[in-house]
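Look for subunit A in each of the two complexes below; its partner is subunit B in the first and subunit C in the second.
This part shows the complex of A and B:
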């Protein structure tokens, strides 16, 4: 018999088949594959940093190398103004950038999805209210708001995540609302209502599954911009001063005159790190978009 | 003199995944001035492909074999320029779906002028306007509407504009692809009459494509039936309709029953008249509307439903008939509790409809909906099992879920039920999808089914099967059904009683035989007169 034994098995085999199909389409996007490979490597290195390296090298009181040394055999990427290895700083800085990028993107996407789905599903004045609220955040200069928030609240990881999260959700909200509106006009929504399904059923069983793939693709793109935002804020000196991040590295390079001294090895690694991570997330996001939106696939797909 | 169109052993195949898939196989046809040919067949039988091959309007993946002679020239050997000249000046097409084939941002006059400008070079504006006015007159549109935009016109008027466009360059062959599919019966008969008149007045040939044999038979002198890419039958309309030679033509003919023909009463295509159905006694009123009105917008908004009284009794099929825009779908939504009535009451089993969420949910276990388009009514991400079990899960009855889903699928004649569990809507045929929708409604064991145009989007031969299923459900389970339709033939086939709706009012209600054979209201008579029927002589000849 080809029929699986239980309803649960049917549901799981269905999800498995969907995943396999998505992966098949994703694989065809070479850029997406490169991005994914880079991300896997970077994330693995970042997660394993405490195992593979000695974190005490970040402590300025425990280093013995001379400051601002060019790359050499003992320090592959040279040293910073206090004699710490730039390679070690960049390595650990990746952790910070990734954590903040992911957390801020998650926060922004959650707010955006909730607002978007509710606005589209309920319509009427709920929609008007929520969308005006969204418009308000859309026209706020995001960087200024983020700077204001980071100044008012205590400095720290949470503050940066919050500052980026609350300023970047309106785009997601508008996107999700548009998608929800098209799903809501489908006859199967009417059928679900006629079957007796309430708001929770319609949103949970029909709207969210249809909207989430798009949200997922958006998230990867949001992570990229969140990482840039994090670097910007840290560069402006609004980050967490007790942790290493790529933006903070660039800032100290500026502050300590590394730039004028021609210490390129101090500037390039964090800069390239930001560029590569952002590029990988963007490549993955674009590839995911083609997976979830067949219209973006070229001829012959 | 050679005929306008001659097809000799014409075949078309599409290249798909490196393989040639035949769509049209070895078709022979010829068509001369003043002749009308109806090309009938179900969706996917290749009828549109065949028509488009005449103008070589096929996608690049298509391969055309055999001969297609248009005015004596083989379109396959024509150069690009010659082909351009042939398009519209020797043959033109009235496309399916007048709603989308017109450019919404240009006036209809400009759009009618477009082919003339393209094909006949420079000419004075006054001459152009004169000719446009002439064309509008021919398709019976007021000349002053020449500057109107498509959205200002009704569906029938837009279809007339399409026909005027097709006639602009004086073609000798007119190809009409489903010219009346999206139109109301009354408008449909007007368009068919217009096409027939144009053929005799302008001495052109008409090739009309439709899935609806009754439309073709009332307007064409010759019929050709296509099935799986082949012409299975061809001949004068009278003969093909009276004595269809091929099995498929018989099925097509039976799918569009003649109102008043007792052979079709309680006998959807391919079934024998049901004895139990005609003798069954309807019980007491189960679902009733009392003085229900529904208005949209405030103040002088739209009055979709006005003061309607309607009853669906136990163990009966009631057909609610009317044109689009008559308010029948709004009334159905109100009966289902999906739309609040502005005034009046909806009663189920004597009790007024609850307004609380919980009360409504309980009510929906009793009265279920079957939608028109089964493709849209099923979530493409859900398997058949999930689609059918959805209602049970909403109502929290999960202990014997699997058995009840199996039972519902079998009641909807999807056997063996288990083999359908893990399949997706896109893997099923249109008829099977509609059965899944019906199973999804049946799984709650309702006492009333509201079916909104349940077969309108299905193929001719599948229609009969679905209607037979509805009839059988009533006979075997005593399930009452409210069928909403624009098709009087459908009402004649399965309904016990019929209610005719016009501009929000129920204008006539009663036993099917009484209403359809002796209509009392003018509107019912108009509807009946507009139904294409075999007894009318084809308008195009004689």
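This part shows the complex of A and C:
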């Protein structure tokens, strides 16, 4: 026999087929493809920044260019208030936005998924309490809470990730809860329970695999809002002061009077960077939603 | 069957219905009070427990003896057990006492009262404009979905949605406030009023309106997109419904079908979502007020986090979060009044 028919092999070949089918649906979404292409390019550039550029140009004491120069042959995007190249700053800033965006989104989605699955699986008082808690955080203005958290904790990468992560999970929790409730009504869950499967088995083997595709689509959208939140916190001066980030660049552009001096070359690149990355993640997330949520495929766009 | 069961429904005494409504209102308000209490707990945890010893934070950097620290702790009640501190905090909060700001050396409640109305003016004006614009554009986009207007408005909304509020504000500030090249600045870039306004009500109103333009445009640009998307998808869901076919079959003009039948039904879910997204308006207010130095609660938050002035930040946190929760309770009640299906059941 060419293909051994073990359950594991069957499962994997089915997963492969599902993946191919998902990609076929995804490919039909032009926005999703554009977003994916942009993300691949941006992530590659961000990862390769230390190889392709000279990081010492970020050090204020090592530069000799004049401050706030408009774009020229030597500095394509001009210089900032201390003579550093805006192009270099923007390039390196992408790393910060991507790392924090991904980490915060991961934290937020993990909290949201755990709360959502537990609330749906156990029901009763657990569910009531958890959903009451979720609704409270859903209504609470996330930025205000994130500001409070990052003010009282020591500044740094971990704090921003924590502040964004613990304030942005409620939507995921609600979504995952709804999806888990639908999954749990299916006969195979009942069968698993009848065969003596405990909570851990049912959640781990049946509920989570069924919920994960949707979680994946949500994560992509959460990264987009996490990047906006990161830039906002950095803009307010709550970021990691030792690293370059797009929000921090915009903060120094405002604080040093570059904006009122009309230094458009300093203002546009970081903002466009944020907008392009966020838009790419949003486009990918929407395309993934269409793939994993067949209800959206018929009506709508 | 339905006829039979509906008949007693209709003759149900009015008293029972109003009792039901009263119970519902009671439950909503009770839930809201629990949320407000949780905000107070969160405020206490965030600013009293998490930062460690407040006495040390107050004397940051200054050389103080152990006796001085102890005296300070005693003065602020920090030597009491935590539950006692929380109780005191809660009692003070109920009396409207939010402590004293480190930087201003003035009661926090007084500072917040001063800055409250400018924020209401800014967020109120922009929310009203954004809601009207978003609902109108969302309706148009959904009614002819797939058309040029739909595609154009959806992509513009998506792009604006991807832009950080403060960046848009900075761009507008540079382009329209400071002026680019030969173009002069058209609008003032900071504050709420000019120092040299002639006396009288009308010049002052005009001056404030002039100052309001840029912050307001920034907030509308970022916020209207979500209302557009919500209204669009909500109307799209109604589009296939049978009652629209019935309305058309009755011979109603397309315009009337939309205005009288489809839009009112699509509005209901939209109303709740508008209020649910109020937290975003508050977030927008913080950055927009920071960019344009608009003297509201957002700018006060920014000033507080720069210190950091913890009592002040605690005050703005409680007031901002509390008002969003209060608005949500109101929205929930409004929804029950507006929707006959929920009201009747």
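Here is the rule we use: the second predicted complex is superposed on the first by the 292 of 301 C-alpha atoms of A that agree within 3 Å, B and C clash if a C-alpha of one lies under 4 Å from a C-alpha of the other, contacts with A are read in each partner's own complex, and residues count from 1 in each chain.
The rule we apply is simple: a contact is a pair of C-beta atoms (placed from the backbone, for glycine too) under 8 Å apart; a residue touches a chain by one contact, two chains touch by 3 or more.
It should be emphasised that the depicted structure is a prediction, and the values quoted were computed from it without experimental measurement.
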Determine, for the superposed model, which of the two partners subunit B and subunit C contacts more residues of subunit A. C
Figure out whether A:51 sits in contact with subunit B (first) or subunit C (second), or with both, or with neither. neither
Of the partners subunit B and subunit C, which touch A:271 in the superposed model: first, second, both, neither? second
Contact-wise, after the overlay, does A:279 reach subunit B, subunit C, both or neither (first, second, both, neither)? second
Have a look at where A:73 lands relative to subunit B and subunit C in the superposition and call it first, second, both or neither. neither
Have a look at where A:254 lands relative to subunit B and subunit C in the superposition and call it first, second, both or neither. second
May I ask you to decide whether A:148 touches subunit B, subunit C, both, or neither, giving the answer as first, second, both or neither? second
Overlap of subunit B and subunit C contacts on subunit A, residues none
Subunit C residues touching subunit A in their complex are 34-35, 38-39, 42, 46-47, 50-51, 145-146, 154, 158-159, 161-168, 170-171, 173-174, 178-180, 189, 233, 236-237, 239-240, 276, 278-280, 282-283, 286-287, 290-291, 301-302, 305-306, 308, 310, 313, 316-317, 320-321, 324-325, 328
What does subunit A use to touch subunit C in their complex? 132, 136, 138-145, 147-149, 151-153, 224, 228, 231-232, 235-238, 247, 250, 253-254, 259-260, 262, 264, 267-268, 270-271, 274-276, 278-279, 282-283, 299-301
Give the list of subunit A residues in touch with subunit B in this complex. 1-4, 6-7, 10-11, 13-14, 18, 186-188, 190-198, 201, 205-206, 209-210
Where on subunit B does subunit A make contact in their complex? 336, 338, 357, 360-361, 364-365, 368-369, 371-373, 376-379, 381, 383, 385-386, 389-391, 394-395, 401-402, 418-419, 421-422, 424, 437, 440-441, 444
